[in-house]
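In what follows, chain A forms one complex with chain B and a second complex with chain C.
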Partner chain A sequence: MTTTALIGTKNKKGQVYTDPNEIFFEAPRDASFLTGSEIIKEAIKRSSCEMSVAYPITPQSEAASLIGELFAEGYVDIYSRGASEFDVMSICAGGSFGGSRCFTTTAGPGTLRAMENFPMWAGSRLPIQVCITCRGINSPLSIQPDTLELYYMLETGCLIWHAETAQDLFDFIMKGFVVAEQPDVHLPIAVACDGFFVTHTKDVVMMTPDDMCLPRYDPYRSPVPCMDMECPPVRMMRDPFVMKNNYISYATHASWQQEVRAAIERSRKHTEVLLDGLIEIENGDAEVLIVSSGTAVSQGRETITLMKDEGFDVGLVKIKTLRPFPTEEIKAATRNAKRIFVPEFNVAGWLAREVKAVVEDNQRVVAGPHVGGGMTMPPEVVMERILRTLKADKEELSHV
Partner chain B sequence: MIKRRLNIRMSGLGGQGVVTSAHVLAMAASKENKWSISNPFFGAEKRMAPAEAYTRIGIDRIYDRGELVYPDAIIVFHPQVITMQKSYTAPFYSGVKNGGLLIINSDVPLLSKEDKASLVKLNVSTFYVSATKIAIDIAGTELATNMALIGSVAGITGCVSLQSLDLALQDRFGKKYVASGGTATLDEAIKKKFAKKEQLLAKNLATVTHAYERAGAWANDNKYELMVAAA
Partner chain C sequence: MSKERIKIAPEFRNIMPPEYRDLVDDATWGKVDRGWKDVGASKELIEEHSLCAGCPESMAFRYILSSLPNPEDTVMVGSTGCTSLVFPHVAVHNIHSLFGNQNAIASGLKRSLASRFPDQVKDVVVLAGDGATVDIGLDYTLQSWFRQEKFTTICFDNELYANTGGQESGLMQKGFVAKMAPVGKQFEKVRLPEIARESGCHYVVSCTVSKPSLVEKVVKNAVYVAREIGPTYLQVYTPCILEIGKQSMEGLQEMRDSEKPGLRFAYKEYVSPEAKELITEIATKEKERKAVAKAALAQSSA
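Coming up: the complex of A and B.
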């Protein structure tokens, strides 16, 4: 019996397996005032998640221990602790190979320690979800929000969605499972949010009823052989023909890497429907646009209000998905802008590089402002950067 | 001064309930259908280290998050915030807005001549409150210091009502609450001070109410006004 056949029936906790579209678009929603960590728990409670593995590192977030509570209450079937983040991600791989819907969380140094596993997940087509609650990765130790780790994630072959708020986080986690598990996608997904700014912040979130849950994961919808008694793991990890001939090995790996990226692209059509597009545009006709993701979007929204009070017209493009990257959408949304600002919570400015790589006439792009190491980015700082640039532009024009 | 949004920065030390205060105040605002958001900022958790938390309350949707760089009101939970510079900004009142409010938990004046001069220039009013003493007198424990301080800021600004604070306290202490290890330990410590949970809630509310009324009287006497506009 496929898992969709279970729709309308109840699980052992009395939750009704419900069509995802009904949960997301038709079910009533109630307002709750919760932290981002609590929201992660609430989303997983409704996601028919069979397995979660934790390397709990509070104060990154309390999410991992809260999912432990879900296990104790019977909402999650398997819950274990890894010896390290590398261990956690490896256990998740085993769980996913075995047909479970797996969820875990990590952050900062933990993400980097686990890094080898992410491309392994993608290559093995394991639709595991990892929630990355971004924090600094540098030494001395930092627990503060910083999005540098997402730079390292970009080419792992994972889908990567970046939540702006706790509301996004709730929706992205549940919708993320649905997209990641599509047979023509079937890839791991990293749902990222900024530590502290989302995980530790109390905000209003509209939640779906907790007596409705997603249908369970069906491993037989996988595009690659599902691990079972006829197909043990060794066949997938070390298929002999790949290992015995270098040329074939190279060709196989090269084409498989392309296939993983193609699968990311194929996720667009599912994502567009569920997230209402890969980008969101606010006041898109403005000549000055802020293009960003995560908390920087919220700070951008505040900047728009601040600058309106000063008589300036500023718009915003929110990037919801970093992989797939909304190339055509950003191109179109920014076509008429005279200046494009990309504020970021990291020292590298990786999102500005991504934006510069896709927009036409990319000297319009200003990489910044940047803050790093957990520093806050008040809207006044974004405004100051915009005004300074516009003033310089004006002076340059007057010299021509 | 009536504002569309009130930004409150709370500076204290780890273990004083700074984060709890910000959350309770924001929850209270949410109870009366105002927009609010609260978030903490601290390093690796330890007692007596600087800890800050921020509450934003307003009549429009609030997106701004993170450290509050330009506060309307600052609450100093512990003298060491001033005397030992245990705050995330230097001086501790950095960024305070013109006409702003400073609430200091101390029995004795702590501001230097230079501080006073800077604050006068900014038209900032200072309210000293012996919050720890009030907590000991009314709740019987210094752990209720934070209650006296959120009562004070609510009493002066009217940003939340006593009824909403009561509801928020019931949410925070009356139910199972999600907290990190350190906060959970402190929660247990304060619960042990009281025979019953109801007693804890009653004592907390009594502390809040006393401070609320006292601070409200100070605002009246000094004709000080800093309020959130009606929705």
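Coming up: the complex of A and C.
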């Protein structure tokens, strides 16, 4: 029986398998006041997640433990602690190869320790979801929020969505499974949020009913065989792909890399519907725009209000998905802006580089402000950067 | 347990590759008495391989594949190394993901299959080289044993990194001069079979693959024990003839020379009490089955 055939029936916990469109767009939602970690638990409770593997690392430990409670209650079929993040991601890969919907969480150094697994997940077309609760990765030791690790994730072949709020986190986790598991996508997805700012603060979140859950994952809709010996094995290769130097090997790998990236692109059409676009625009006609992702968006919103009080008209472009990157959307949204600011919670300014790479006339882009190591980004800091730049622009003009 | 799942629709039979037709027509799947004697008689037991000529790994691979008690419901997990050059020829689902993570992959896989198919036996067998098992993957090897994951781990011990050109490995003998051990290896061969026993494996065997009937017996025992009780470990000597300066035809003799009493590959076995009970029970049933079959044969020919 296919998993869609189960729609309308109940799981062992009495939740009704429900069409995702009904859950997301028609079902009533109730307000709850919860931490981001609790929201992760609530999203997984409704996601028919079959397997989760945990490992402690701040700031995701609480969420990972709460999923353990779901296992104890019977909402998750398989759960255990791994020996390290590398172990966790590989156990998840085994579960996904075996046809189970898998979810895990990690953060900062854990993401980097696990890193070898992510391109393997993508190349193996495993639609595992990892929730990355970003934190610093540098030495000396830091447990504070910092989004540098996402820079390392960008070319792994994973879909990457960046939540601004706990509401985003709830929606992105559930919708992430739906997009990642589409037969023409079938890729891992990293749903990221900024550690502590989102995981450890309470927020009002409109949640779907907890007696409705997503249909189960159907491994037989995968573009590659599920490794369960329920379909014929393939043993027809005369030479493995890694063998010797030959053009077949090169072509195989090159085309597969392109296919993974093409699959990321194919996720757009599913994502646009579920997330209402890859970007969100606020006051888009303003000559000064803030373009950002994650909690930097919230700080951008505060900045708009502050600047309005000072008599300046500032707009905002929120990037929801880093992969696929909303290239055309950002180009269009920023076409008329005179200045584009990209505030980020990391020292590298990776999002500014991404934005600069796609907008026309990219000297309009100001990379910053940047804060790192767990610093907050008060809107005054963003405003100061904007005012300083505009003043310099004005002075430059007066010299002409 | 049959070939039902791989049957070809009659309309498509003429366009299927001959290898596939052969798999459907002649594979040993579902045959109760399958074993090493089937090697050479059917294509799915690695008729061709891409290893060096005379490589003992190719023998080991064939004996192991022919000895799996439930190949139509067995998934194998490999790792990077010479073994990964053979897996594409293997007619069971097999996974290669990273170098060293094979026991972590197998852990997730086994749990997933046990959850998805509660009423069906799905065996998982890890087969990796000594670098993958003992060096880069040791953590994941041991952790899976600590967790009592129910699958078999088979290590092809060739005492070096063969696929990358003969570098020192943890299972190499002390004093052996190799790449990355220019003045000889400085420490003893890692005693993984003993570590396996202490880590919770219920059936541990260290041997060579010079005797196919022995390999068949230990592989079957290892899979049955893993299925019912907990982790099992086989460490089999598959010398890299290329890197130890032997000729193609000398692999078998090298194994025979290394398994003499007192030498490092003399047969060693550990069986936990529960495993011993299970193996005895299976052997008794097998004896009864053979007796019944013999009687039936005698009756039909009478």
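Definition applied: the second predicted complex is superposed on the first by the 382 of 400 C-alpha atoms of A that agree within 3 Å, B and C clash if a C-alpha of one lies under 4 Å from a C-alpha of the other, contacts with A are read in each partner's own complex, and residues count from 1 in each chain.
Everything that follows uses one rule, which is that contacts are C-beta pairs under 8 Å (C-beta built on N, C-alpha and C of every residue); 3 or more make two chains touch, one makes a residue touch a chain.
Since the model is a prediction, treat every value here as computed from it, not as a measurement.
When both complexes are overlaid on chain A, the residue A:231 reaches chain C alone and has no touch with chain B. Contact with neither chain B nor chain C is seen for A:347 once the two complexes are overlaid on the shared chain. With both structures placed on the common chain, the touch criterion links A:90 to chain C but leaves chain B unconnected.
Contact with chain C, but none with chain B, is seen for A:124 once the two complexes are overlaid on the shared chain.
Contacts of A:35 after superposition: chain B is touched, whereas chain C is not reached.
In the superposition on chain A, A:80 contacts chain C only, with no contact to chain B.
Set side by side, chain B and chain C differ in how many residues of chain A they touch, and the one touching more is C. Once the two complexes are laid over each other on the shared chain, residue contacts for A:7 go to neither chain B nor chain C.
Considering their complex, residues 5-6, 17, 19-20, 23, 44, 48, 50, 72-75, 77, 84-85, 87-95, 97-98, 101, 104-113, 115-117, 122, 139-140, 143, 147 of chain C touch chain A. On the chain A side of its complex with chain C, the touching residues are 50-51, 53, 77-78, 80, 82-84, 86-87, 90-100, 102, 116-117, 120, 124, 225, 227-233, 235-243.
Residue ranges of chain B in contact with chain A, taken from their complex: 23, 26-27, 30, 35-45, 63-67, 69-70, 178-181.
For chain A in complex with chain B, the residues that touch the partner chain are 33, 35, 37-38, 41, 58-59, 62, 66, 141, 143-145, 165, 196-198, 200-204, 295, 298-299, 301-302, 375-380.
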